[in-house]
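Note that the chains take the letters A, B, C and D in the order they are written out, and that residue 1 is the start of every chain.
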Amino acid sequence: MCMVMTVAVAGASGYAGGELLRLFTAHPEFTVGAITANTSAGSTLGSHHPHLVQLADKVIQPTTPEVLAGHDVVALALPHGASGEIAGELPAGTLVLDCGADHRLADPVAWKQFYGTEHPGSWPYGLPELIRADGGKQRQALLNTRRVAVPGCNVTAVTLALAPGLAAGVVEPEDIVAVLANGPSGAGRSLKTPLLASEIMGAASPYGVGGGHRHVPEIEQNLALAAGAPVSLSFTPTLVPMSRGILATVTAKLTSTFTGELDGTASAGVRNAWDDAYADEPFVHLLPEGQWPTTAATLGANTAHVQVTVDERAGRLVAVAAIDNLTKGTAGQAVQCANIAFGLPEMSGLPMTGVAP
Amino acid sequence: MCMVMTVAVAGASGYAGGELLRLFTAHPEFTVGAITANTSAGSTLGSHHPHLVQLADKVIQPTTPEVLAGHDVVALALPHGASGEIAGELPAGTLVLDCGADHRLADPVAWKQFYGTEHPGSWPYGLPELIRADGGKQRQALLNTRRVAVPGCNVTAVTLALAPGLAAGVVEPEDIVAVLANGPSGAGRSLKTPLLASEIMGAASPYGVGGGHRHVPEIEQNLALAAGAPVSLSFTPTLVPMSRGILATVTAKLTSTFTGELDGTASAGVRNAWDDAYADEPFVHLLPEGQWPTTAATLGANTAHVQVTVDERAGRLVAVAAIDNLTKGTAGQAVQCANIAFGLPEMSGLPMTGVAP
Amino acid sequence: MCMVMTVAVAGASGYAGGELLRLFTAHPEFTVGAITANTSAGSTLGSHHPHLVQLADKVIQPTTPEVLAGHDVVALALPHGASGEIAGELPAGTLVLDCGADHRLADPVAWKQFYGTEHPGSWPYGLPELIRADGGKQRQALLNTRRVAVPGCNVTAVTLALAPGLAAGVVEPEDIVAVLANGPSGAGRSLKTPLLASEIMGAASPYGVGGGHRHVPEIEQNLALAAGAPVSLSFTPTLVPMSRGILATVTAKLTSTFTGELDGTASAGVRNAWDDAYADEPFVHLLPEGQWPTTAATLGANTAHVQVTVDERAGRLVAVAAIDNLTKGTAGQAVQCANIAFGLPEMSGLPMTGVAP
Amino acid sequence: MCMVMTVAVAGASGYAGGELLRLFTAHPEFTVGAITANTSAGSTLGSHHPHLVQLADKVIQPTTPEVLAGHDVVALALPHGASGEIAGELPAGTLVLDCGADHRLADPVAWKQFYGTEHPGSWPYGLPELIRADGGKQRQALLNTRRVAVPGCNVTAVTLALAPGLAAGVVEPEDIVAVLANGPSGAGRSLKTPLLASEIMGAASPYGVGGGHRHVPEIEQNLALAAGAPVSLSFTPTLVPMSRGILATVTAKLTSTFTGELDGTASAGVRNAWDDAYADEPFVHLLPEGQWPTTAATLGANTAHVQVTVDERAGRLVAVAAIDNLTKGTAGQAVQCANIAFGLPEMSGLPMTGVAP
């Protein structure tokens, strides 16, 4: 493709907006057009995101359909509700990447239960590596699409950790338990006391405990696709003192086939499910046996690092995934989906290497 | 008691040793005598622990039975094996607080499996608030004892989180899942690459995954006492960037009695088990409903903060406990046990208030 | 003194208020009475400060003279202006500890220049260890007082670092340079974007650069008292990712007397000034030569750790002080002043030992 | 240039080595050949640097002239002494990028004084933006060179902050004071107690205080080139809890020309010196007036963010620079020098955008 395309970013002053701009600025096929944010309209981007030096003097405009019009891509990093509304006014030929939740859930009942409003309808779901029970991948649904519901960050981590085991029948769909360590940037640039530095440094604390977190139905939707059956999930995210990063520790019961094998060789058999699912995936890395993921290795990269083992004593499999919540968890995944939608190389413009240490 | 007792601390240059000295220095009934550490013998304590200003000029001696002799209390903050050896040479009348693992496990088979050596025998286990299936507490076993096996830090957190639910029949003993966020001070002052600041800041990563962590049989031992039946446990600790602190997220399946009740009132019924177990405990605080523990609130204090809820969607209970791994998780618990063993007020000399923010 | 006194704390939901409550709760001579905070009135203290378990159920009242009346001590942790106003309505016999800035500056011109309002008058200044040019200490001014202007946190660190050198004529009063590393809790529990965890973790950045910070005239006031002459000061605080702590690095030019001596023995001569000033001070510790302060050693303690050396190449002395901004920098210093004002032992109720690591 | 060049990296298992590999992997004109490290020879790179997924299976070789031979570029991330030795055995036509100190100092006396060994001779110094008193830049010395002494990280930050003011006669060369906030990755992947996570998290502490730090003569060398006269410098680095990043706060006395102007317009005049020096520099960003650098904005980028102001009260200028110590402070600067040496576009392969928040 020799014509550079233009992208507008709405919600540019927030963390997800900043990450979209960081990635699109470095992408050889895109150039950044309008950047918008209602409360910061009129200020320069550099006053909000000093790291984006190449766009520092660009002035933020208000988020309106008129400002967003005329771009090849519009990326929305807005609260749910807001993004649904603005998306409705964009042309059908524009690729809309919605980083909000509005169009992720296919089930109107689940939407109503967790969001309390009328179901805004669902869009092609932007997790390309999601493996289904029939072995197909979600990537197919994104070819040539002009609407993408970009997944939630926790959802991406839990799904990538466990889906291969469900699709291969290694683990039971019932009674999955996921506990996550989360950096606070996933909660956005919000002025809330629990997000203050003094509250978070030196502290670990859970939130959204007991099944009420809005990522629960979205994870269940993905894992049910992988299992080909409904799943049940206990899900607890935990705020820890790092700006970015999600470490998802997911356990599930081995199916009887595999429990029967517990003779020391089981682990290798189990491992095949992940190996098969991710061997050709550029962004998902199954680590060498015995090496466990660290979020630091994914900082700023569109990668997910995954490891899996069997706990014979407990009869459970443990799968762990590490991602950067703003990159593979949000903005990087959005860019990856744009690459797929436009038929570009999927890795185009996306960092493979984390910034560590 | 009007006579101040003397305490010797072995392993004084490490983190657990430093915490023992911090607490005993502030304790009105004790005075610090010999402090020992083999590799640092001859140096001043202040060069290792500049926070211990009152003992800064004290010179570290070698860890020998002769140096430790003649104290009312000897606290051992040594690697397992080392503490077992030295303890054997101390008089029966001396209160020995072993912060190592040597004497924690009652089951020789479990010891052999996880430690690979001959079972060194077990001592009264120093987790006073551990509730048994018959409603009794472990505190009883500590009255007048002169030997205490101080529990592991992860073990304390997981046990305090879940034991009441097992003792009251709220949750099943099978298929417990615990995932922890851990500060690296729990791993000691060891020169290992994964413990370097540059590796840990900005990173979350699991360790000891898959059932091989040595705290597993110790947790199972405690929870089996609470349940009155064997338990099975999936246990995953996770290093996160905070110096101190453990947040244990523990889930277990509700027993049929309680699953039947899932009509919105279940949670209150469930909560009673924890309320009953901890209402009279000075150091374990069941938080008001809806408020979740944060490790920051326990920093430097001998407290455990606990919360519990029911996830009706998942059919699982979620119990969370936060402690300071060096205080309630190690040295504070040791002091608490010393208070009990000598018939002192249990709270004597122990901080109740965390240093937050 | 055998009668326990009562203390009221205004601004109880903030960080300084919380620290006052932490310390007064553990103080044997005081009991906590009313706790107030305008925006949080009606809520429990535990919902703001879960670490203060002993006061968790106490209900916050509005900050009014009526609520604060009838206590032996009223500690004000309020923004400047607010504390000046409320203090005017408290009885002369009540000990008022003002942790705000209102009554710190003696010079009305400096007040007007930095605060922009009419000078509210000055109170006895609460930095007991401040040494004057005549060798006297500020402690004297606090005996039996019922009004204390508690110093700013940065001010305490810089003053304790350098004052002995000025009083002893070791360094010139002109051209002092101070650069500080600061934890964000010193900026209070304020909902401002630069104080969010995601902004501060992984980041160091200066603020109040160029002489405009309101702590400048206060430091100059102290150092001029020490020098017996006006001083000039370049002062730059820097936000770094730790919740609490101030490390002040202060340099000043050696006077000709000492520059002449630069033959390797100078440092010992220089050191005497600090040794003499602090040898009898319980809270200020001049570290052994070659050991430099770390803020971690003072966490939660009312201590200041100080070190000094001569840079012969540069012709400058370097003095470094570490404190906990909320303890020795604010609330601990307030309690220390209360002890002095009431003739209690100065160390009563104050932690000497930091919580490290 | 259509032929891709090969680069070998010695010291590949350390932090600087890892950063060199991260950058060269993403560079369109280079491909990574041999990677070496003596103690880790035989292991895979992925076991040391899990973030470098594209090189994960590459096996580390021993650091010998034979292994390093045959590459267009050899980058040395070795301790001083080691790099000097190996460099002597590489062909003259190979571009050698020495990230160690061996060839940085032109003055044999300074070398002997700070390193204690015979002077190994100096190479072209790799700080392209260093401005000299005659207005020239160091970049000229790097064209077509095949040997580069890559500057120290602290040195880069202090030099970039202050050199324009010295070159323009805005500040005096005497009595410069620099205090730095430093992430511990600058100290390398060394197993030393003060670099453990538990020691550094929650702590700020200075090191190398009093003029003995080996970066002092190197900074003085640079600033003397800028001033056209000898300089004197007080230099204090401070470890703070962030993995990467240096914030250098540098103050110097205004020359009489500028002190005379102190009427509110001085700052604009002063600012011109920095504006002129850096307007055409791609990697050095003078921020808009009033916006101060934060290290977070440079994380992983080859950028330096700079700001400057005048403190009229103190008669001093304050200049602040933020860099990533591993990128612009080490490996990025090395790559930048390689670009210059080979006549490639200077920005080729180098990240302009930090990973924030």
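By definition in this document, a contact is a pair of C-beta atoms (placed from the backbone, for glycine too) under 8 Å apart; a residue touches a chain by one contact, two chains touch by 3 or more.
Remember, it's a predicted structure, so these values are computed and weren't measured experimentally.
Engineer: Among A-C, B-D or A-D, which pair gives essentially the same interface as B-C, with more than half of the residue-number contact pairs in common?
Structural biologist: The pair repeating the interface of B-C is A-D.
Engineer: Name the chain whose C-alpha centroid is farthest from the C-alpha centroid of subunit A.
Structural biologist: Centroid comparison gives C as the farthest chain from subunit A.
Engineer: Using mean C-alpha positions as chain centres, tell me how far subunit A is from subunit B in Å, no decimals.
Structural biologist: Their C-alpha centroids are separated by 37 Å.
Engineer: Starting from the mean Cα coordinates of subunit B and subunit D, work out the distance between those two points in Å.
Structural biologist: Those two chain centres are 45 Å apart.
Engineer: Multi-chain contacts in subunit C: which residues touch at least two other chains?
Structural biologist: Expected reply: 15, 185, 189, 198-199, 201-202, 241-244, 293-294, 296, 299, 356-357.
Engineer: State the interface residues of subunit C toward subunit A in the complex, per the touch definition above.
Structural biologist: Interface residues on subunit C, with respect to subunit A: 15, 183-185, 189, 191-193, 195-202, 241-244.
Engineer: Quick one: in the complex, what on subunit C touches subunit B?
Structural biologist: Interface residues on subunit C, with respect to subunit B: 15, 18, 22, 25-26, 44, 46-47, 49-54, 56, 185, 189, 201-202, 243-244, 285, 287-288, 291, 293-294, 296-301, 303, 305, 351-357.
Engineer: Can you name the residues of subunit C that touch subunit D in the complex?
Structural biologist: Those in contact with subunit D are residues 175, 177, 179, 181, 198-199, 201-207, 209-211, 216, 232-236, 238, 240-245, 247, 249, 251, 253, 292-296, 299, 307, 309-316, 318, 320, 322, 356-357.
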